[in-house]
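This report refers to the structure that appears directly beneath it.
Chain lettering (A, B, C, D and E) follows the sequence in which the chains are written, and residue indices restart at 1 in each chain.
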């Protein structure tokens, strides 16, 4: 029971804790505790004591670093691309309405309902070697496309497709805080669309963009399916790399180390997210 | 007193002017986006749909060389596909309902109450997404083994429930924060206790955004496989598990295509339901932007 | 600096006709108020002039040039929004300078003009603040400065002070009027406060349901409303349903001389009713006396229970339940399909009236 | 009825074989036992299940796992030491004696079927008589036809892995006997593998997309089916079935190298010691070695028997004389495979020249 | 039906003291307005009475019972919020019935009471609508009905009509007053419209910076402000800085009899200045004449440029630039640390004044 709604009332503290108890317990039991175990497991070895050797190995192993670097790179590029693709759509949806806009919105949100395996699968059918795009090009007597399948571009395209809806929604929510009146005011003073975007809209949704990027990063960093199915064998993204280290190399220690490092990066971005939200909440709409 | 001032003559002057009705400007930008998205989003889906009916389709034919319903029959007559679909729906519904029941009040507490460790606990939910799943596998498996949850319906529900925590806490929190406090105060004012206020006022008011959270949870849970593999096998086989089995290592792409098209139906229904219950902003508001 | 001519303007949003068949000329240097109930199309009209909407019919000309199809950024107008719409990520200076920067003026000039306009709106020294560090009234003044600094020919104001408190609102409206006069620009001001409209406008346009009801000087509109709607909308008014017959109108137990026959509405301003010795005229019963300090309003009932508001001198004191006499000095009769007819009783006018009338 | 949980992460033809052929036969032979064929794909899912079994061993609980149709018994790390897998030599299977000795790599895995990697190619683009017959021919062909050959990642499905193993054999004197489960030696490995990487890196620029590698057997077959490449290494059973199903056109050609065949492999079934139905699981293992099942492996699956040909009827032997290779070269699992696989990722895969 | 007694109430939010040392008794059946500038603590006071905040100091008693620690649902109060705070997911009927359902009344009675209160606020037949299908004024009336239906002893209204247009606001405020009188409940009304406060309240509490400035009847507060702040805040007022000396106050070129010495502020209501023959009194220059219909305001400047507002009869007409004489009939002098002193010139009073004063 909620004993009191008001903050500062003695009952509020207890009831607050009670209300969050179940999910928090679940979290601690099945996530935080295992995470802690995993982290401890990489630095403390019964019998031999503390050692950070696995981390030292990771950060000196050129191959691992290269994978990490690729992951960062793909993550960054994909996030930026998602924002770049979603931004015009979001702008359009924010400032227009009508049946066309409704359709655009429905289409742009559809990938949310397509699981990533199917994305990979459809992708190979379309952009893969001799896929439908090639077929059409050949039918038109044009040269075939250099297929992005199995190249670094493959997972990026797939991930952009897959992540479009969430990015769009996040940006839309940011744009919701840009009042139409403030845009009208700028147009009134003579601002063209470009100035409008860079000088009025962009500064207002800065925090939303950071939020969007950080949320994207969280999901992308340990992405597995799309990089594995569409990407090149090497360098690998952290997702497939961890899996391979764990299963095929039968090397749980290093796999867990990789996981902890991934976690550290995600946590850092999580913090950025939190900060951006805090900042966005403070700023008046 | 003065007489009535005569109106400016402009009215009389323009009275004879013809009424020329302008057409509303055409939304060209919209059409451009529509076409762009149709190609990017729909083409892969349509191609897959065609594959579902193709029995032989080899490059460089634009259309399949042989079409038929053979794969449909083969896929849909398989007992395990239907079982898996049914099971998946059951698991997903269960997870979503439980998640809503335990998370919404918690989200409310995060949004409105002040208690020790509030911010820290709130942040901790990020770790659900931030730590790679397989890192947790052994620990989770150990925990579940001792509880005899391996291979059981409830085991899968439990593990997937954990996966829903982030969205089901974070999105509702901002939904609740978005509910005007005065609505709650007005209810207390006419005599409603806190619990009643939550159920009668806050919850329905936040509904569009909560619906967004539920939808995301439902979709994500439905398509979740990692946790389902770990805990579900050998007895619990969900739809995406069957699907991946078909797609991943099968030679015939058609099985996957058929299932893909088959799953469009629920996706479209969800999509429609989603549009009815909430606007895009409701979704988005939930994500804290 | 500019004349605005609207010819046959209509605007429909889907099935809703927000404005219909508007013909209006706003003269150079004039301040025109748009007045009307909510949803009557005031904002729509303003946005049409500003270029934020395109009319479904008709044309808009500024100084004789057809601007109907020009986007806002290419019209010599500047709009002050109800929500002030300041850009919260820019300082006051940045907000005001924005329009000038777009015009690529030299820095020094921008600085100078911003200073000048800040001075004009009484905010010198506030340039470095962020909008969030200003009070509501100051924010509105910044919005005004932002519009003024680009020296628009036409200033459009959409209920700029609606959210402010009465004191502030009065002060700001006087400021706007002063500035507009000083710069000699044309201004269109939307409001739903009648006092505001009466206080600052050269002419008032009364809108209802997307149509113009009356256009005229404030006093004129107040004193000589052309329709019963305008009569009821502008200022306090007793509106009584009555019947015309035998050179009299009978309404709510009140009989006053009037021509014509058939049903009609009797309109009497509260201040056009004088209290008198009971025996002297018609009787009313006092329900309540409201002391506004500067004047007193007596809420009373006629014989048949109809309410009648009487406004009198601040020194008057009456008790609820007391019966007092009234003398109606001026009244207007609105009969369906006819011009309103105005009447006055021949009362003696005091010294001052004679001197200043 | 007792439910026996049999896991497989192999390609669809194998799981279909178990569901459609083995299951009815086994259940008929063992009333009261139900064979539950559990598909755990991708392989990572099976890894999760095995981890689970190991954890179950520690906590003495039911792993919900009785048999895995094919799994690397050397995995998971520490599994054998912990006593996870049943030692078949000591399990007392009646038919164990018949098992092909060459196929046995460790006592913890039961090689019940074999298969070999072939070269599959599109005979409309490459006439049958021009198909490469030796490893040198193959390399020459790859280089002469850039972009037309692809093999999959060594740890994903095996056809690519065995192509790589063949390279290792090539650079070490074409003697499969040099590599045994228990003779791993880092120094030799470094030396031999370095030469193998050189060969693979040499052909890499001539591969599809100048060095792309598919993520599985099926993905390779699909590229061949799409006409995107002309030649791939492929499992014999899988490619035959693909042709039969029309996934690959009739014009698909198959060829085996004659100087030393590409490696084959034997699928190793494993049974955890803590399986709830270990007795039935062992019965099943024995059943898989029976003549009936071994014949089915040959006839229905297109694979090789796990038992010595000599223990099978002569008629069968005669019937399949053409496809029975004189010997199937194999490559040992465990350390050697790990070295090859991880080494490949580190040394070959990254050298993709994108210009 | 209830008396509210606030004793030594203070409320601090962190470092901000929103209210300080409030002692106030609101009598049974009284309608009290809280008036004050933005941020003066009006809402805070109301929320303290309603139980939405707990005072940092002091106690609140209703009918002698200490309710300081009771939550809102257990106080006999009902609040009407500025933003009406209707529950958009319920119909009008649902909104109003909610409080009754909580009290587990039988269905039939709920229906009947909702009907009755809908009738009271003039919305019979609107029960099935959703709030979004009503106009702003109708929504406010539903909010009022929702509060009234539970028959509170004390009705709290926090700027309930601030967002409505003038006409609607006036109508609703009269309705609220009527209903309150009819039901005989105690009401506390927050507003920042002085007219509103003057029009409906039995007593007005003027707040500034969290402190009570003055409590009194409307006319009293208007006519006899106790501080310069109240004088300037309530009603239009000319406030001039001046100096007291030799039995006179000199401010902006104006000299009027007054006692004392030293700096002081001279306060004159616009309607306490009469225009007169130029030769007769002091001279001002007309800047602008504003015709409000019912009266005329002349914005003028004194000799030294100080603005002076003069309110006169509606029939008066003057031109900008004209010089006219003024006669100040009443004035008040506020000197630091002293009680205000009020003066009046001995002018002849007209017949009506004598009769009704």
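One rule holds in what follows: a residue touches a chain if its C-beta (ideal position, glycine included) is under 8 Å from a C-beta of that chain, and two chains touch if they have at least 3 such contacts.
Predicted, not measured: the structure shown is a model, and the values here were computed from it.
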Smallest count of steps, each to a touching chain, taking chain C to chain D: 2
Shared interface partners, meaning chains that touch chain A and chain D: B
Closest chain to global C-alpha mean, per-chain Cα centroids: B
Highest C-beta pair count, chain pair: A-B
Approximate Å spacing (C-alpha centroids) for the pair chain B, chain D: 40
Distance between chain centroids, defined by C-alpha means - chain D, chain E (Å): 90
CA centroid of chain B to CA centroid of chain E, Å: 51
Between chain A and chain B, centroid-to-centroid distance (C-alpha), Å: 16
Multi-chain contact residues (two or more partners), chain E: 52, 71
Where chain A touches two or more other chains, by residue: 4, 130-131, 243, 246, 252
Per-residue multi-chain contacts in chain D, two or more chains: 44, 222, 226-228
In the complex with chain D, residue positions of chain B that touch it: 55-56, 58-60, 134, 137-138, 141-142, 145-146, 148, 150-151, 225-226, 229-230, 233-235, 237, 241-242, 244-246, 248-253
Chain B contact footprint on chain E (complex, rising order): 50-52, 71-74, 77-79, 81, 83, 85-89, 98-99, 102-103, 143, 146-147, 150
Residues of chain A defined as touching chain C within the complex: 179, 181-182, 184-192, 195, 199-200, 203-204, 283-284
Footprint of chain C on chain E - complex, ascending: 37-38, 135-136, 165-167, 170, 192-195, 198-200, 217-219, 222-223, 233-236, 269-271, 274-275, 277, 290-295, 297, 299, 311-318, 349-350, 352-353, 355-357
In the complex, chain B residues that touch chain E: 180, 182-183, 185-193, 196, 200-201, 204-205, 207
